[in-house]
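Encoded as structure tokens, the structure appears first; notes follow it.
Chain naming follows the written order as A, B, C, D and E, and within any one chain the residues start at number 1.
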Amino acid sequence: MTIGDWLTEAANWVFLFLAVPTFVASLMVVSSKNVVRAVLYLVIALGGSAALFLMLGSEFVGWTIVLVYIGAVIILFLIGIMITRAPLTKSVDLSHPISARAPAALLSVLLFGVMAWAVVQSFGLETIPFPDEATSTGEIGVSIFTLWVVPFEVMSFVLLAALIGGIALARRDEAPAERQP
Amino acid sequence: MTIIQWILLGSAMFSVGLYGVLTRRNAVLVLASVEIMLSAVNINLVAFDTYLADPAFTGQIFALFVIALAAAEVGIGIAIVLMIFRNRHSADVDELDLMRY
Amino acid sequence: MIDYHAVLPEIILAITVLAVLATDLVTKDKYYAAVVGMVGLFATMIPVLTLALCDDLAGCSGGLPRELFGGSYVVDQYALVLKAVFIFAAFIALLLAVSYLESDRYYEGEFYFLLLAAALGGMVMSSSRDFLTLIVGLELVSGPGFLLAGWRKGDERSNEAALKFFIIGVTGLALLLMGVSLLYGITGTQLFADLANTPEAILDEPVFALGVLFVLLGFTFKVSAVPFHVWTPDVYEGAPTPVSAWLSVGSKAAGFVGLLTVSYLAFPQVSYLWGPALWLAAILSMTVGNFVAIQQTNVLRLLGYSSIGHAGFILAPFGAAAAAGADLQQAFAASVTYLIIYAVMNLGAFGVVIAVGTRVKSYELADWAGMYRWSAGLAILVGAFFLSLAGIPPLAGWFAKLAMFSATIGVGDAWGYSIAVVAAVNAVVALVYYTKVVKTAFFDPVPETVDVAALEAMDVAPPTQLALGITGVLVLVLGVFPGLVTTLAEFSSEVVTAVGL
Amino acid sequence: MPAVVAELSRVAVFLQENVEQIDAGDGGWLAAYAWLIPVVPMIVAFLILFFGKYSPWKGWGMATAALGFVAVYGTALAVANLRDGIIAEFSVNIGDVGTFAIEWGWVVDGLSILMFFLVGVVGFLVFVYANGYMKGDARYTWFFASFTLFAGGMLVLVSAPNFIQLIVGWELVGVSSYLLIGHYWEDMDNIDAANKAFMTNKVADAALFIGAVIMSLSAGTFQFSEIFTRMIDGQTVLAQFGFWAGLAIFIGAMGKSAQFPFHVWLPDAMAGPTPVSALMHAATMVTAGVYLIARLFPFYQLPEFSGSMRTIIVVVGAVTLLFMGLLAIVQDDIKRVLAYSTVSQLGYMVAALGVGAYTAGLFHLFTHAFFKALLFLAAGSIIHAVHSNNMSDMGGLRKYMPVTFWTFLIGTAALVGIFPFAGFWSKDEIIASAYFNASNNPEFAAWFMVVLSIVGAFITAFYMARVVSLTFFGTYLGDAKPHESPAIMTVPLVALAAAATTAGLLNIPGLTEVFTEWVTTRAFPIVEHHFTEPEYFLIAIVTPVVLLSLFIGWRLFGPSSELHYTSTSGEAADVSAPERSVAVERDTFRIPVLYPLLENKYYIDDLYMNGIVRPTMGPIADATLWVDMNVVDAVPNLTAGVAKHAAAAVGVIDDNAVDGVYNVAGATTGAIGGFLRQFFPGRVQQYVALSFAGVVIFAALFVIF
Amino acid sequence: MQEFFDSGWGLSLIVFLPLVGALVLALIPRRFEAGIKWTALITTGVTLVLAGIMVLLFDYSATAEFQFGADLSWIETINANFHIGVDGISLPMVVLSTLIMFLSVIYSWDHWPEPHNPKLLMMLAMLLATGMTGTFVALDLILFFVFFEVVLLPMYFMIGIWGDTGIRKVPVVNWEIEMRLYASIKFFLFTLAGSAFMLLGFLALYFASGDYGEGIRTFDIVELSALGATGAFVGTFGFWVFAALFAGFAVKVPMWPLHTWLPDAHTAAPTIGSVILAAVLLKLGTYGFIRIALPILPGEARNWAWFIGVLAVIGIIYGSLACLAQSDVKRLIAYSSVGHMGFVMLGIATLTAIGINAAIIGMVAHGLITGLLFFVAGSMAHRYHTREMPRMGGQMTLMPRMGVVLGLAAMASLGLPALAGFWGEFMSLLASFNPLPGLSTSLFRTLMVTAAVGTVLTAGYMLWMLRSVNFGKPSGEWVSAQLKDVGTYEWIAWAPLVLLIIAIGLYPKIVFGATNDAVINLVTSAFGGG
């Protein structure tokens, strides 16, 4: 199938419409000179991915993203930024100098190259069936609570640990333990 | 609609995330970059799920777990950052240089 | 209907974890939390044993392996052995932590809670037979690890260690997940059993290979092997020492659980693919670890590098065996043997390091000079554990090395011999820095700065004594009767035959 | 090889038919208990060492008793042997090595009985004498302990039926002589003399070891008798190595018997007390070499086995008797004169054995034992009197110590070979058999020997004349108050004098052949020419020569000597007596080349010292050590210094040393770190970068390629 | 008693009793020195007695068989067993090591090196005892290896802790290091490097053994020897394996040029350290050759014989020359060991019954003699506070008894007949005249002659030592020092050695009686006669 055929397919336009902003946003996240902006770009990126999920019909995942991230995680980030008194305006030293960014970029590109090469090699131009109706949340829930109950429970422990540990670390002690070599 | 376009997107975002991890000085933004890497993984998973028309929705479920993981990670990460900031009044990763080779 | 007997250990430990939290809330004296934890660990040990000996026990039905949840969660010999290892490691780390935490005002209850949670994660990992469970388990090992590493909140080194550990850990995890996603994409499953019989056609797909590689490299982060090894010394130095002990054994073991299960149970067909990779990783790890360790002046960093080196030694046999397509069972047994012995002696080493460090208030080797003058006992323990790590009979370490050598040589081709030679050279190099520690402890004059009288006066905290006692005795016993370990290893390596390699 | 076999068979036949001739008893209980002869002195030696101080006469008693016992037993054996010969051999197994049996044992036959007798009798007399001589010595007991050990060692040696025991006795003699020579160990010179003796012997012993090894292994046994039997049956490969075995063993013999060029130790051995010298030169030690050759004579007498060894033996003996005799002329120390004379007499014996005159050689050994012991003891009594060894401190002693004088004179007569004294007969026999040998196989060496033996006789007479005149005639030049020695010293002198006078009568060709009987009663036939009557014309040659040289000597050194008038720087008769003999001592034969040559003993000692000993102990040894420290050890040390881990290894023990390495390592890692740092200021990010770089590399390696 | 030993308990007890003693010592507080001394004494004493009983019960008509053995499963998975036993070859070694340990304890009674810590010293000594006797009775390669290594640590600590604190100038690299530190680590690394290769060799044999017989891999020395006799393990494989074993054993012997750790270790070590090191430890290497290398790899032994022989003789000459240049008593004795072990190795190299017998009696004799020499040297250093011979002199006047013992030991050491040292020397010369058929006779005869020259040099330096230590006028500093002659404990410790030296000298059957049949059997089975 030629690039022409590809362009004639409507879904691809939708894809591009969602994917491009997502990607650009994520680029901005890693390159923006303003902390707050960067985090807000993160919102866009994640939102974009959520939209892409919806497009693929996996609604539950999509909405979970919206809820968890945009609802909670981003707030967490903002709080983090506020507390750490990061300069809310433009600041040059948000990233390492170009001398450091260049090799980083190179590394990333190489990594991407490897993956891209592999993916193209393996999948070629196989098409992805456009889902006619969304996956039912019910089925997902069922299989989670039958097949994946162990990881689910374990995950709860992970979150609990993260919660308690996070508190223990983050809270200001009445008398901070003195240094020890 | 081909599958590779999705996976390429995922890979690209993954690499971008890595770039962020490598270049960002502010710890919080490093975390943000990590989030991007993880969400790239999510894109892959969901895309493959649809591609395979997996009856068990493994991909989606996996993605859900990854989201939870990411949330937990952020929690932990932010906590650590706060702690560091409390001691050092800065969240710059390249000041983490106490321990030599 | 879930086979509760099979998951009983996890359940008991989970309850223990919560119980610890509860005790911490209600009691004033945080010490109890630790006690509860230890009791819980003992309790956890019971079903592990009953499961292992089920066939010999009256009224116990259903031998091994026991499969749950469509084969995504399996309890077999291998899983049980490693669960035992996790329990043991957690127990010792707990003992070491008690006095350490009390010596400074750290949060105790939460600490124990996180430690035990991590142990739980390890146990889950060792039974999980699909990526989802495995990774969640892994996260339950790592997450608390990140937090514990930063537990000495007041100390910037500790903070730093935490952040480094965290960032590298997370990126590693991301890589792992990426790999899994690719595998899922190409094979359509993430169950090991299904992956194990992937159709030939898919095996040589680049994406498949890339996925396998990403997954394995993702695990090298946990085992602190090349290329994800760099964090090790910094974290060992910065983190609270008991945590370093746990990381160097428990969390490393978790990593190996991942590596072993994945490579043996999920990718047996492509051993020609991951074999060389692990072979290379092994060689690099042992070389980097041992050679850099020579120039360390800080005991903890030295142990960090040495643990990188040991990771290499553990990887060597099945890297070589897989690369050569030789009998994997022996290699598997060798690795498990090494892992178990390493767990014992390294915990012991950390124990004595804690005991000494808390006395001289320093982990700089120079400050340890002439330790034998002010505490012959500790000096002898230092000698015992470090020389055991160096692999000198009759201390347990020698047999680990022997098993490793015999497995690699047993491979019987270039892959095996080459790595055996490299390992031999590294063994000698390792000797150098281990003996350096011993020599400093025994032969060097005590520095003026050290107040001998005061040091002689102090004594080792009871829990630490207990920990040192257990590990010390084990190091000797296992050195003289290595059969004990090999039986475990053999026992666990039956899983390999089960898979039919 | 076939040739050899043919030879062997011939030899076998020859010996077979000769074996029948031997008829002898087994000596009964007398032989069976002969083991007491070596054992008693050995035990006594240790008893003296531990309990000597508390025993009567502080050990002298025990020692003399032991030697007395040996003397008696020896005599008894001798008598029994003469009545009906004794050939017996006994062995006790002390271990098996592979197929070889190691044994202690004792052989009782003519030869060993001869030595028992000599060691016993002479030893006894010397011990008696020693009581007087050593009186008041700081280590009186110690002396007798080691002296008894010395005699015991010799007895072990001569009673040996196999190489092992022979070597044992051999070395025992060596080590005890070492103790005796170094008896006055406060003075380093004596220790050096002792070391010199020991080392010279050790060198020869090494050769003896080799010889013994070759002979035993190629014959398949250590047992002498067994070796000979197998020789006869031709069932040995000995013929192949015979020459080398013979040579090596002979070198060993040369060492003990101080044959040129191994003679160097003997004169220095004079450092020991005089009784030691007496015994050492008479019956023990130096005779061991001769004994060894005699013991192996069945081997040496057969050219089929020993090849041209005998010629070598002859030459060595002849050279020794000449050159050592010459050295005797220029000595001032009376004991040294006697020492050199001993060596030259030993030359006679060795040469005699070389020409195949078994009996003659042993006979000379026999007589020489008596008169040389006599001479030494007499000299000892002189030294005892004047407290000096140098003849320039003596002179005119005959009126002070008559007994010593007369006994000494008898000894001299015996030594130079005046009819009818012992030396006359034995030496004559040697010369005769040399002549016989030469006339039968006229090769150069044979005639060489004949001439030299006569010249030797001349020289002997000359230096003895010198000694006698300088010592007993003229006026006394010493400071001490000379006096006759006590009876305990003079009695042995008289006894020995008697022996020296009569011993020769034991073996007069044609008349009495007792001695021949005695020493030829052996398990194996000795093939030698048998003289039915004295060689009168040889006597007619030799005796005038001797008398002439005595006369010249007397003229040169005697009181009536004219020489000094001309010799001492033109001064006339007013030269007082003292300078006279000294002047003579200094000024006789200032023959430009020869005199310094003799003075410096042909520079042989210097050659050994500067050519071998000093270099070995000095430069060579030091070089070796240097190599060890700097080259051999450099390998580990350098690897330690260079290679990182090895350096760290040594660094484990020395931080300074290893700092270098640490810096290297630190530099490298530091460099990597710095390299990364300029790209990734944050350490964490360096780590991540490293890791993912690794990932990409691995991916490239294992996925793409 | 017979049953007790036949059941293997007796032998096991001989091996492990010292270990028990060490544990007991660990429980005794440092203060109770008497208790420590007596525990050590009783332990070693009982061990010695047991060894003595074993000697009495030993069946000398079957010295080739392994007696009093035990064969228990130890590490099933690699088929390594606790297989022990004594035959004629190991019997003398076991007795030797137990005896030396006992005497060392007695000697220590009033000679405690500084820093004063009898407890640790005795514990280490006990560990050494177990390691040494264990090595001599082990019949399983892994067991052998473990015991072989167990010896390492105690000696390392002995040298490092109580060693000579003088400064050692290391040429070439120009370091100045404390003697004890340099010596200890050198000893440690040399031996360990060697034994690392040895272990690889063992493993190689283990895997190769699977290809023969009923295909069961084994570490059992007896079985492997049987395989070796049938011509297994040959070719390149054999070559490399032998090379590996050679590395392990030759370092321990030590053979030139791997000997350089020896002088340092001997010189630095405390007295009983030097004694044990010289008397027993060195024998582990030669014993390894006889017990393992020769029977299991006979073919390769043939190929290597000339090489070993040449190195041995180089060692003889070289060691003696190095001695001649020494001014330090202990160093001189140390170098002399190089020479004497050279004779032992020469004997082994001939691969003949005579040669190996010579080697064994040489080992025993060297153990007794050099042990005695180091005792005496230690006592002298203890009195003179120096080891420099030029400073000494006139000892025969100062301490006549000490002088006599030294003289006797020196004489024995230079191979004086009728003393123990003679047999080993002479017999190895004997053997090298007719080496195993197939080996180059001419070469070995040349070696014989060279070695004979070596005996002369040996005499040379020994006499030189006596000259400068024993004889001459004592210098003023010593006359005034009022040096005490040999003391009671010294007598008790030395007398047995002196007696044994003389006894073996006069009646070598004491050793040959046990060894000969065993050796002949070994040689015939491995090399088919000789």
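For this structure, a couple of remarks:
Rule of thumb we're sticking to: a residue touches a chain if its C-beta (ideal position, glycine included) is under 8 Å from a C-beta of that chain, and two chains touch if they have at least 3 such contacts.
Predicted model, so just to flag it, every value in this text is computed and none were measured.
Looking at the partners of chain A and chain E together, the chains they share are C, D. Common neighbours of chain A and chain D under the contact rule above are B, C. Farthest from chain C, judged by the mean position of CA atoms in each chain, is D.
The pair of chains sharing the greatest count of C-beta contacts is A-B. Each chain's centre was taken as the mean of its CA atoms, and the one lying most distant from chain E is A.
Measuring from the average of all protein CA coordinates, the nearest chain centre is that of E.
Distance between chain B and chain C, defined via averaged C-alpha coordinates, is recorded as 26 Å. The mean-CA centres of chain D and chain E are about 36 angstrom from one another, to the nearest whole unit.
Inter-chain spacing, taken between the CA centroids of chain B and chain D, is 98 Å. Inter-chain centre distance (chain B to chain E, centres taken as mean C-alpha positions): 66 Å. The multi-chain contact residues of chain C, meaning those touching 2 or more other chains, are 132, 136, 139, 143, 147, 150, 153-154, 156, 162-164, 167, 171, 178, 182, 185, 206, 209-210, 234, 292, 428, 431, 435, 439, 443. Multi-chain contact residues of chain A, defined as those touching 2 or more other chains: 96, 100, 104, 107, 111, 114-115, 117-119, 123, 147-148, 151, 155, 158, 161-162, 165-166, 169. Residue positions 646, 649, 652-653, 666, 669, 680-685, 688-689, 692-693, 695, 699, 703-704 of chain D each touch two or more of the other chains.
The chain pairs satisfying the stated touch condition come to A-B, A-C, A-D, B-C, B-D, C-D, C-E, D-E.
Only residues 1-9, 11-20, 22-29, 31-33, 35-36, 39, 42-43, 46-47, 49-51, 53, 56-57, 60-61, 63-65, 67-76, 78-83, 85-86, 90-91, 94 of chain B touch chain A when the two sit together in their complex. Note for the complex: chain A touches chain C at residues 114-115, 117-119, 121-123, 146-151, 153-155, 157-158, 160-162, 164-166, 168-169, 173, 175-181.
Listing the residues of chain D that touch chain B in their complex gives 666, 669-670, 673, 680-685, 688-689, 692. By the touch rule above, chain E contacts chain C in their complex via residues 73-78, 120, 142, 145-146, 149-150, 152-153, 157, 160-161, 180-181, 184-185, 188-189, 192-193, 196, 199-200, 203-204, 206-207.
By the touch rule above, chain B contacts chain D in their complex via residues 18, 21-23, 25, 30, 92-97, 99, 101.
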